[in-house]
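To keep things simple, chains are lettered A, B, C and D as they appear, and every chain counts its residues starting from 1.
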Amino acid sequence: MAARDAGADAGLDLVEALRIMIRIRVFEDMCRRLFARGRLPGFVHLYIGQEAVATGACMALRTTDQITSNHRGHGHVIAKGGDPARMFAELLGKADGYCGGKGGSMHIVDFPSGMLGTNGIVGGGIPIAAGAAVANQYLANAKVALSFFGDGAANQGVFFESLNLAALWRLPVVFLAENNQYTEWTRTGDLTAGEIVDRAAPFGIPARTVDGNNVEDVFREVRQAAEWARSGQGPSLIECVTYRWHGHNEGEEAFAGHYRPAEEIEAWKARDPIAALESRLLEEGTLDRTRLEALRGQEQDLIDESYQSALAAPVAPVEDALTGVFAQSAGRR
Amino acid sequence: MKDTYLVTAMRDGLAEAMREDPAVVVFGEDADRSVMGSTRGLIDEFGPDRVRNIPLSEATVVGCGVGAAAAGLRPVIDLMVSSFFYMTMDQLANQAAKLRYMSGGQVRLPIVYFAATGGAGSAAAQHSESPHPTFIQQAGLKVVMPSTPADAKGLMLASVRDPNPVVYLQEASLGGTRGPVPNGPFEVPLGRATIRRDGSDVTVVAVGRTVRVALAVAEELDGDGVSVEVIDPRSLYPWDADTVLESVARTGRLVVLDTARQSCGFAAEVIARVCTEAFSSLRSPPARVTTPDVPMPFAPHLERHLAVDGHKAKAAVLRCLQ
Amino acid sequence: MAARDAGADAGLDLVEALRIMIRIRVFEDMCRRLFARGRLPGFVHLYIGQEAVATGACMALRTTDQITSNHRGHGHVIAKGGDPARMFAELLGKADGYCGGKGGSMHIVDFPSGMLGTNGIVGGGIPIAAGAAVANQYLANAKVALSFFGDGAANQGVFFESLNLAALWRLPVVFLAENNQYTEWTRTGDLTAGEIVDRAAPFGIPARTVDGNNVEDVFREVRQAAEWARSGQGPSLIECVTYRWHGHNEGEEAFAGHYRPAEEIEAWKARDPIAALESRLLEEGTLDRTRLEALRGQEQDLIDESYQSALAAPVAPVEDALTGVFAQSAGRR
Amino acid sequence: MKDTYLVTAMRDGLAEAMREDPAVVVFGEDADRSVMGSTRGLIDEFGPDRVRNIPLSEATVVGCGVGAAAAGLRPVIDLMVSSFFYMTMDQLANQAAKLRYMSGGQVRLPIVYFAATGGAGSAAAQHSESPHPTFIQQAGLKVVMPSTPADAKGLMLASVRDPNPVVYLQEASLGGTRGPVPNGPFEVPLGRATIRRDGSDVTVVAVGRTVRVALAVAEELDGDGVSVEVIDPRSLYPWDADTVLESVARTGRLVVLDTARQSCGFAAEVIARVCTEAFSSLRSPPARVTTPDVPMPFAPHLERHLAVDGHKAKAAVLRCLQ
C-alpha cells in the first residue's frame, strides 16, 4: 500500500479511499455469498455499511503504525493493507492463509502491515493496542497504535483501565469506537449509560464524535489524533457513528427475529458511505462513470481472483495442528 | 416424554426452576432472544424483570451474582461461551467459590453460571475452550456437563435448586442433538454418575460429547466380543468416584475420554484417583484420550485432527485389552 | 445498634458518632499494639485517620442496608454494628470469631448487620454491592447497598462496569470512594488520571466530593444518596477525601522507606476527625470533659474486655478446616 | 557464589536480564519500592522508564504485556500475589497463551508474568492460592516454580530470555530462605528437572516449598535404611517427564507432593503420566499429598492442618513401601 504511505502526511486521496471501501464491500459480499452456500466455516461478521470507518482511519495511519481489531475485522485488515487472497485463504483454512488456517476470521494477524490481530474477545484488543503504544513510546519509533472496537466493547472494564493508563503515561494510542448502535441483537442504548464519547473526559483525554459514514471526517479526526499521539501529546478517543447493514453474524436470521426496524435499516442504507462518495466524486468530476466502472471492475476482479487462488491453494498438513504453540529459537529477538 | 433438543431441554429445566421460585432471575447477553437458545422464549413467560439483557461486563455481572445471591435471589447467569468465563475468574474464583467458606458459613450462594463449551466447529481458539478443569481446581464450585437432553433438563433444575455456585457447561456441539425428555420438573442429582452401557472388560469414563464416541466404540467392539462399560460422570465436581472405582474393580481396565486439554485435565484426575485408590484392581495401564495441549485451530481439518474421536478411543481401549 | 436505627431517619447523633469513631480508633490501636507484639497473624491494615468516613456513612444507613468493604475494613465492620469481641476473635483465629477463624481481617462477614464482607481483592466488593442492589430492587425491600472502596480500586475495570450497570438499571447503590491519597506506597495521582469523583458523570450518575474527616459532611451526603437510592432514583458516587495515619499495612516500615513527607502526615494528624468533633462538642457544651472522659473510658473498656474475652475463647477444631465449602441442605432457602 | 535470599536471587536474575537487553521493562504495583522485594532496588540501576509503577488494572497491564511484546519489548510484569492472576485470566489465557498459535507463528511474545504464590502464613483464601494447574491447563504458557535461590535466579534469566510467555511463580513462604547463588548471569534451562537427592527405593516428585519437606523425609528415612529419590521439576510446563519416568523405572514407586489443591492438580498430571506410560514399572500404588480441596483458611492452626508436611509425606512414602 505504498500509495497510502506516500500520501501519509498529505490529505486524503479520495479515489484511493473509494477503491479501498469498494474492496471491502466486494470482499464482504463474497463472504456473504460463500457463507450462504455453506462454503465458509465458523462465524462470519460482515463489515458492510461501516467501510468508511476502517478506510478513513487506516489511511490516516502509516503502514508502520499498528492496529488491533475485533470480531468484525475484515474491513480493518483490508484497509491496513491486507491481501484479500491471503484473507480468503485464511477463511477457507488454507496453508497460505495469514495464519496458516489456524486463526480464521476472528484471529487474522498481518504483522508486516501492523495488523496485530482481529479478536474473538470483545474488548480484548484494547489493552493490546495500549501495550503496543507503550513499546512505541519506549522505543521512540514514532509509531502510533490504534484500536478499533465496538460500542459493546465500551462496556468492558479494560476499556476504562486502558484510558486511565494511556492518559497517565501519555501513550501514543488512538481509541476508535465504532458505534453501529447494536451489541449483537440489543440496542446500544439499552446496555450503555450515557455517550461513549463522554467516557474519556474524566481521564482528561480529548474525544470527538464523527459521522462514521463520511470517510473524510473519519480521516481528518484520526489523522489529527495520530499526529497528536506521534508528537507526544498522548491518547484520544474517537466515536464513529455508523451502522451495520447485515446481521450481527451471517445466518442469525433463523434465531434473531426482527430486532431492528426495517425503516431504520433502510434509512441507513440510504446513507451508504460508498454511494455518497461516488456521487460526490462524479459531481466534482474527479471521476467519470467510465473510470468508476473501471475501478469497480478492478476491485471485483481482484476479489474474484483472490478467492479463486485461495480456493485452489492447498491446506496445511494436519500435523500442523499440533505445532506452533511456542517459539522455538531461544534467546534474544 | 417428549423428543427434545438438548439446548431446549436445558431451557425447559430453567423454566421449571423459574416457575417454582420467583427468586430465580436470569441474566445474559441477549437473554431475551438468546443467541444459543438456552434462554429463548423465557421472557415471554417470565417478563423482562426476570430475564435481563446485560452489557458486555462479564466480570461485574458474575460478581453481581454473588451479591444478589447473598441478598436473596437465585441468579442464573448465561455467559454464552465458556471462553468468556476467563473474563470473570476473579469474581468466580476469589469471590463466588470462596465467600461461603471464608465467612464461616454465614452466606449461601445459590447461583448458576452457564455457557456453551467445547469445540463447536471452527469457532477457533477463543470460542472453543473446554475449561472445566480450571473450575474443578477451584474446589468451591460445583461443575456439571450433561451429555443427553434429559440430563440437560434434570441437571439444570438440580443446579438452580442447589444452594451453592454451580458452573453448568453445555457442550456446544451437542446443543442440536435430540433425545427423550420427561415432562414436568425432575432432578438429575448433582454428583451422581450414570452407567450408559454395562460392560465387563473395560471401563470407559467419558465426558460431555465424548460419551457418544464411547458408546459407538462400545457398540463396534461388542461385535468383536469385547464388552465395554461406559460411564458418564455428568457432574465433574464433585464427581462420582465410587461408581468408577466399583466399575474398575469389575473390569480391571480404565480408559478416560475428556474434551479438555490433557495436562491437569479431568482425565488426569480420574486416572490419578483410580491409580492411588484402586491400583491393585488394574490389570493393564490406564489410558486417556484428550484434546492435545494446543489452542483449538480454526481450519476444520486441523480441528478434526485434535478431536477425541472413535478411532483414537478404540485404539486406546484395544491397547488396554492387550 | 438500635440507637442508630432509631435515629435512622433523623439527623446525626454526634455523641453516638463520636462514640463509634473512638471505638474504631481504640480497636485499631489495640490491633497496632498486638501486631507489634507478634500477636496478630496475617496482614493488618489500619483505619486510623479515616474513622469519620465509615462512621458517617454507616450511621446514614439502616441496619438492614448492606455494605461491602475492602482490606482496610475494621472501621466499616464496627460502624455497621459489628461486635469487637467477635472481630478480635476472628483476628485471633478463634472459633467464635465472625468466620470461625476462617476469614481473618480481610474476610470478616457480619451478615445480620448487613456487612457482606471485607475483601482481599481490591475492587472485589464493588460488583457484589451492585448485585445486592439488584436483589433489593427486585425484592422491593427498600434496602440500599453501599460499597466502600479505596482510590486504588477506582482504577479497576469492575468499578466502571458497575457504574454503567447501576446507571442502566437505576440500582439502589451508593459507591463510596475513600481517597486516602495513596495506593499502597504510591501517590494516587501517579496512578489515577483526573479526579475519581468525575468518573461517574459519563454514566449520568450524580457525584460529590466531601471532606472525609468531617463526620457530619459524610453523613449528610450518604444520607442523601441513600434516600435517593431508596426512592428509586438510582446510584450515586461519593468521594471522601481523607488520610491514613499508619502505613499501608503494619510492619511495612522495614521495607517501604519514607514514601510520604513527614509534614504531610503531621498536617493530616492536625486534622484528626475525632479531636475535631470532640472540641466542637465541648465548645457547644453538648459534652463536658467528664462525660467525654467517661465515653472514652467506656470504649476503652469495651475494647479491652472484647480482646480479653476473644483471647480466652477456644479455637475451632482443626477438622473445621476441611468443612464448610458447600452449603449442605439442598433446595430452596 | 554468594549466600542469598531467594527473593533477592530472583531480583538479581531479573537485573542480569535488564543489563543484557534494554528491551526488558518491568511493570508492577509499587515496582519501585517493591512490596515483595522481587524488584527492590532495580529502579536505582535502571531508572523509572524501565521500572514502572502501575495502577490497579491488572487485566489491562497483562494485555499491555502482549501488545508491548508484539511491538518489540520484553515485558516483565509483577502481579505481586498469584491470586491476582485471576483478574487477568482473559488476557492471559485467551490472548497471551494463544496469540502466537492463532497467528500461525507471526508473533513472538517474550513476556514474564510473576507473582508470589502459595500459603504465606495466614494470608487467607484470597492471598494463598497455588494456581499453577490452571496455568498448566492453558498449554500456551510456560510455568516455572523455583525451590532454591540459585534456581530462582537462573530460572528468571531463562524466563526473560525465552521468546514465549512464562508464568514465574515464587513461593511466598520461601522468599526469605537463603542459599548459595553463583555470581553473574547463568540460566537454569526451562523444562529441565533436577534430582535433589539420589535414591533407589521410592521416587518423590516435589513442587516448590514441598521440596524441603521431601528432603527432610528422605533424610529421616535414610536412618531406617529407606533410600528416597527426590525430584524437583522446577518447570511445571513443559515439565521433565523423562527424568521422572527414568527414576520410577529404577525405584518402582512414586509419591507426588504438590501445593495446589488436589483435583486436577499437578500431582494428578504426574501420576496420570507415569501410570499411562510406565505402569509396569510401578511396584505399588502411586500416592499424592496435596492441599485438600478447600480455600485456604486464615487461622494458623487451620492453615497448618492443610499443609503438605513431613508427617503426611512420610506416611505416603511408607504406604508405598508396604
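Simple rule for what comes next: contacts are C-beta pairs under 8 Å (C-beta built on N, C-alpha and C of every residue); 3 or more make two chains touch, one makes a residue touch a chain.
Since this is a predicted model, take the numbers as computed values, not measurements.
If you take subunit A and subunit C together, the chains in touch with both are B, D.
Following the contact convention of this document, A, B is the list of chains adjacent to both subunit C and subunit D. Two chain pairs, A-D and A-B, are compared here, and A-D has more C-beta pairs in contact (counted per touch definition above). Distance from subunit D peaks, on a Cα-centroid basis, for A. The mean-CA centres of subunit B and subunit C are about 40 angstrom from one another, to the nearest whole unit. Between subunit B and subunit D, the centres computed from C-alpha atoms are 30 Å apart. If you average the CA atoms of subunit A and of subunit B, the two centres end up 36 Å from each other. Taken residue by residue, subunit D touches two or more other chains at 54-55, 57, 59-60, 83-84, 87, 90, 94, 101-102, 124-126, 139-140, 293-295, 297-298, whereas all remaining positions touch fewer. Residue numbers of subunit A whose C-beta contacts span two or more other chains: 99, 101-103, 107, 119-121, 124, 155-158, 161, 164, 168, 190-192, 325.
Chain contacts here are complete: no pair of chains fails to touch. Note for the complex: subunit D touches subunit A at residues 21, 23, 25, 49, 54-55, 57, 59-73, 75, 90-91, 94-95, 99-110, 139-140, 142, 161-164. Here subunit B touches subunit D in the complex through residues 83-84, 86-87, 89-90, 92-94, 97-98, 101-102, 124-126, 129, 131, 133-134, 136-140, 237, 260-261, 263-269, 271-273, 275-277, 279-280, 282, 284-288, 293-295, 297-298, going by the rule given at the top.
Residues 66, 68, 97-103, 107, 109-111, 116-117, 119-121, 124, 126-136, 138-139, 141, 143, 145, 157-158, 161-162, 164-165, 168, 324-327, 329-333 of subunit C are the ones that touch subunit B when the two sit in their complex. Looking at the complex, you find that subunit B touches subunit A at residues 29-30, 32-35, 37, 40, 53-57, 59-60, 83-84, 87, 121-127, 292-295, 297-306.
Within the complex formed with subunit B, the subunit A residues making contact are 41-43, 90, 93-94, 99, 101-107, 119-124, 152-153, 155-157, 183-186, 190-192, 255-257, 259, 315-316, 318-322, 325.
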